[in-house]
Amino acid sequence: MSQFTVEVLVTPRPGLLDPQGKAIHHALSSLGYDAVADVRVGKAIYLEVAAASPDDAVERAEEMCRKLLANPVTEDFHVTAAAADRALP
Amino acid sequence: MNVAIITFPGSNCDQDCHRSVELAGGSPRYVWHRETSLGGAEAVIVPGGFAHGDYLRPGAIARFSPIMDAVADFARAGGLIVGICNGFQVLCEAGLLPGALLRNESLCFQSHHCRMRVERSDTAFTAGYREGQVLGIPLSHADGNYFADPDTLAALEAERRVVFRYCDARGDASPDANPNGSLNNIAGIVNARGNVLGMMPHPDRAIEAVLGSVDGLPLFESLIGALARAEVA
Amino acid sequence: MPGPPAGNGGAPAGDSTAAPAPPRPRPGDPPITPELVDDHGLSPDEYAQVRRILGREPTFTELGVFSAMWSEHCGYKNSKRLLRLLPTQAPWVIQGPGENAGVIDVGGGWALAFKIESHNHPSAVEPYQGAATGIGGILRDVFTMGARPVATLNSLHFGDLDRPRVRYLFGGVVKGIGDYGNCVGIPSTGGEVYFDRGYEDNPIVNAMCLGLMRTDELIRGTAEGVGNTLMAVGARTGRDGIHGATFASEELSEGDDEASRPQVQVGDPFTEKLLLEASLELIASGHIVGIQDMGAAGLTSSGVEMAGRSGTGVEMDVALVPVREEGMTPYEILLSESQERMLVVAAAGNEDAVREILEKWELEAETIGRVTATGSFRVLEGGIAVADIPALPLTEGCPTYERHGAEGDEVRALREMDIAPYVEPPAGLEDAFLRVVGSPNVASKQWVYEQYDTTVRGNSVERPGGDAGVIRIPGTARGVAASTDCNGRHTYLNPRRGAMGAVAEAARNVACTGAVPMAVTNCLNFGSPLKPHIQHQFREAVLGMRDACAYLETPVTGGNVSFYNETDGKAVYPTPVIGMIGVIDDVEAVVRHAFRDPGDPIFLLGASTGELGGSEYLYVLHGLVAGEPPPVDLAAERALQRCILAMAQLRLLKSAHDVAGGGLAATLTECCLGRPRTGRSVGANVRFTDPLPDADLLFGEDHGRVVATCAPADEERLRRLAADYGVPCERIGTVTGPGAPLEIETESSALRLEAETLRDRYYGVIPEIMN
Amino acid sequence: MSQFTVEVLVTPRPGLLDPQGKAIHHALSSLGYDAVADVRVGKAIYLEVAAASPDDAVERAEEMCRKLLANPVTEDFHVTAAAADRALP
């Protein structure tokens, strides 16, 4: 068993309204950032987890997503064993 | 005594502040966030609410409203500014006060009466209180957990810039009396010059006995009193 | 993100004398088959009626429109006839049922708009968003009447908290309600939370809103004036909750979560706040003649209902509706339930003025059609007709059914069960007392209401935690009190009594603050109306509500029916939630529930009969839901309430608190503990001479009772007043000092309950479970 | 100019108390996930932005972070031109 940092990205499901994204988009536009065409906001969750391998770590995290970290009704998730430069902040 | 109350889309304590200033004998005036001038106001209140929905971070979007340049200029010129709740968050985001307000430790929105101790009665905002006086006033926020880096925090304490601290009925700033996880039980601070106050609890909701408390009214009276003295001087 | 498409032919086709072209199926529309009709919730008979109304086959889009409008949610097909039995009139009623919200005159030139609505199904699927959008919807119902929302309440019923799923639902619902209402900046002034296994799979989430306006500011949801302009205002239309209205009218079945996903709507409270301010400014501007929330069945129901109410027609082009997603069909645009949208009828020529107001609030307003004289609901897509339906039959022509049903055997057996063997407390009176007070149903809901902003906008005179919330009318001394109540166990065992009891309790809660009960809104949460025992429950509940509202002179000004609260055939308890409104002339005279000063005499007003049927006591100690629930003596109830009001008016009362769930045990505990955080607890010395058995006396949930205190010097006056009103009045004890215990002596027992113990039980239980 | 999807990860600064992370950690533990040693929670913001190149897109996004998207007192940020499978949800 070794330690891995897993990055879990939880994002609103396509088609669902994302009020935060809308507000940030609006704010960026009024700051003059016209190049931005759309904004969506989700969560980034970093888990420090003991596992046998990177794949095992990802698998464990995916199970946690299904169980707790993501709301299956409104959110999708994406799990990676994070690169070193994205280690647990 | 002309007091500007800044209203952002999503402000919802503008009316409470308006009434507070009136009861304290001042003349409140709403200033819409898109305006660029404070119109000769002698003091500024940034009220509570959810400016721009508090999306992204509380106060993060509001600080870019056109009026905020005028508010910053006013602060630099030594004008008196009070930010309450969301207003405190806006002032921190705008850099007019140090630190930041994080999510409450409980992760829950919290709305209830709290007690806070007046740490200083020698500011323009607190002259109507006694030092050490315990106030009972409502608080109502999800992000009131005051944070500053160690150096800033040390400076705040050393310069006696913590104006209000959460406390229990006896006035002890104990951990149990801390509603949201704020460092050092901080409920309100001033800037280095002492002309900008930010606080999470709501003095604007403690101005009438029938609503449960009048402990907030002296804050507005102090403010109006300070303006009056400035005028005479 | 796609905007309104350009070059789609502009505004809908102008007037022409020739009959307009009938709608044709669009490419890609599915053929209308019996299965498709069935999927749309229409019976073969109902479908035949659709064909008669149209004189032809409907298009797919039209089928969707009929399906939505004739759903239970919009059409009230299984409830309308019975609801007509409810008393709806009184001199102070300005607007009865049928509008977005009821309106009453509350004096001083002020009118109060109020309404309650359910969001049960969405909350079962996604508790946070379901509850949040429930608050959003009810706020819009009120501010579209021209009233500024000043308070919300919520009535919540969940399964038992030992279930993880229930805790998840409870936590999510409370957070959803809080986050939405707090952001919009409307104080919550009250509500109720019940836990019982009867709600395990189907939570009940009802939200109520109160709004104030000057009596001359009322605006209705009508589409008056041929040639006036229809505008879509607020958020863009997405594919959210398509067919939510039908969804709310169908039973949930196991594994539905997946299928229900696209129907989840996400609330945007910030946009709601802007829409609220913009709508009130629009209404005040005089530029508009009508406004309605695009709620259930969105653009369809708002368009059809506005036309139906004014006897006009509307024509709109869906290609002009601002959308959030590309490639939306007319069917989707018409039936989308995206939140925070309004349909506005602008006086012709004022479109720019309307747009200007919305721009100030950073919102969109698009012209999408106009009011016509045709009487029909006509929908185009880029100028080509896709639906054309006579508007009135869509609303008034909805088939209605009245069924009588019969009481279920299971519940009859429970109701008739002999509960006598369960009356003796199994582990002694003190154990029973503490278990009842520590039951989540009785225990403080502080964990809930401290997540709600209760003080914003500076008019909350009585916050949650007492009998009823009281909100001051800004700038006046006048106040409005409100309470929501329904004891689902009582209504399950005997729907008629239970519903009468809900009205009685709600009115009593309001009267205890010193406010005169004035009017009712109701939310009827039931199982499937196609089942005989549910039909029976519904009918009985409506009749009970009718009798109580008529007798207590609190007419019903509106409400909401939510059927199909079932999972796998198991229905919730019949839950007719009553939202009661009262008025008090001077908020300085508001009476609160907490005992105040040592030495004050304590009285029990009203007669005790020891009703343990359907009680919290039986549920907590024996896991039983059984027996006849407490009867309601309407004459005694009215006398009691009038007596309390008279005492309050004379400022005789130092406290008053009604007796309900958990009986006198709960009431006395709450009177002693007072308010959390600011209040100080006091003790009491109580002695009962009533010969009733201890459990009956302490835990009986008999209606028509209030525990009150007065100053020692006022004791005789209070007794005399009670006698004048024919209300039994027994001095049961004396308030003792701060921190002192609650001591209770009965004919056979003596209890000494330390303040600390009571506090731990009463305040501790829900946070302990939830944190 | 072409369209890029930029992923912005905003995370609480090291040493900062992260109540959300703490709560999730606690919840995971009580679900029996003992292998998790720590949890931190941040935001994942996806911007659809017009730029001359991926580098340009990242640069623009970094400016937005400094200005608006991250609070320098409490947050760090990390910007990448997102991989295709993490395109704007």
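Lettered A, B, C and D in written order, each chain numbered from 1.
In this section, contacts are C-beta pairs under 8 Å (C-beta built on N, C-alpha and C of every residue); 3 or more make two chains touch, one makes a residue touch a chain.
Note that the coordinates shown come from a computational prediction; the quantities given were computed from them, not determined experimentally.
Colleague: Between A-B and B-D, which chain pair is linked by the larger number of C-beta contacts?
Modeller: Spelling it out, more C-beta pairs touch across B-D than across the other pair.
Colleague: Determine, using the mean of C-alpha atoms as each chain's centre, which chain is farthest from chain C.
Modeller: Result for max centroid distance from chain C is chain D.
Colleague: Give, as an integer number of Å, the spacing between the C-alpha centres of chain D and chain C.
Modeller: Going by mean C-alpha positions, chain C sits 40 Å from chain D.
Colleague: Between chain A and chain D, what is the separation of their C-alpha centroids in Å?
Modeller: 7
Colleague: Between chain A and chain B, what distance separates the C-alpha centroids? Give it in angstrom.
Modeller: Those two chain centres are 35 Å apart.
Colleague: Please report how many Å separate the Cα centroid of chain B from that of chain D, as a whole number.
Modeller: 31
Colleague: Where does chain A touch two or more other chains at once, residue-wise?
Modeller: Residues 12-13, 19, 23-24, 27, 31, 37-38, 41 of chain A touch two or more partner chains.
Colleague: Where in chain C do residues touch at least two different other chains?
Modeller: 268-271, 362
Colleague: Counting only residues that touch at least two other chains, what does the list for chain B look like?
Modeller: 52-53, 55-56, 60-61, 64
Colleague: So which chains end up touching which?
Modeller: Touching chain pairs, listed by label, come out as A-B, A-C, A-D, B-C, B-D.
Colleague: Mind pulling up the chain B residues that touch chain C in the complex?
Modeller: 9-10, 12-13, 15-16, 19, 48-50, 52-55, 108-114, 136, 138, 140, 142, 202, 204-205, 207-208, 210-212
Colleague: Chain A touches which residues of chain D in the complex?
Modeller: 1, 3, 9-14, 21, 24, 27-28, 31, 33, 35-51, 60, 64, 67-69, 76, 78, 85-86, 88-89
Colleague: Can you tell me which positions in chain A touch chain C when the two form their complex?
Modeller: Result: residues 12-13, 15-19, 22-23, 26, 37-38, 71-74 of chain A touch chain C.
Colleague: Can you check the complex and tell me which residues of chain B touch chain A?
Modeller: Residues 52-53, 55-56, 60-61, 64 of chain B touch chain A in their complex.
Colleague: Which chain D residues qualify as touching chain B in the complex?
Modeller: 16-17, 19-20, 23, 68-69, 71, 73-74
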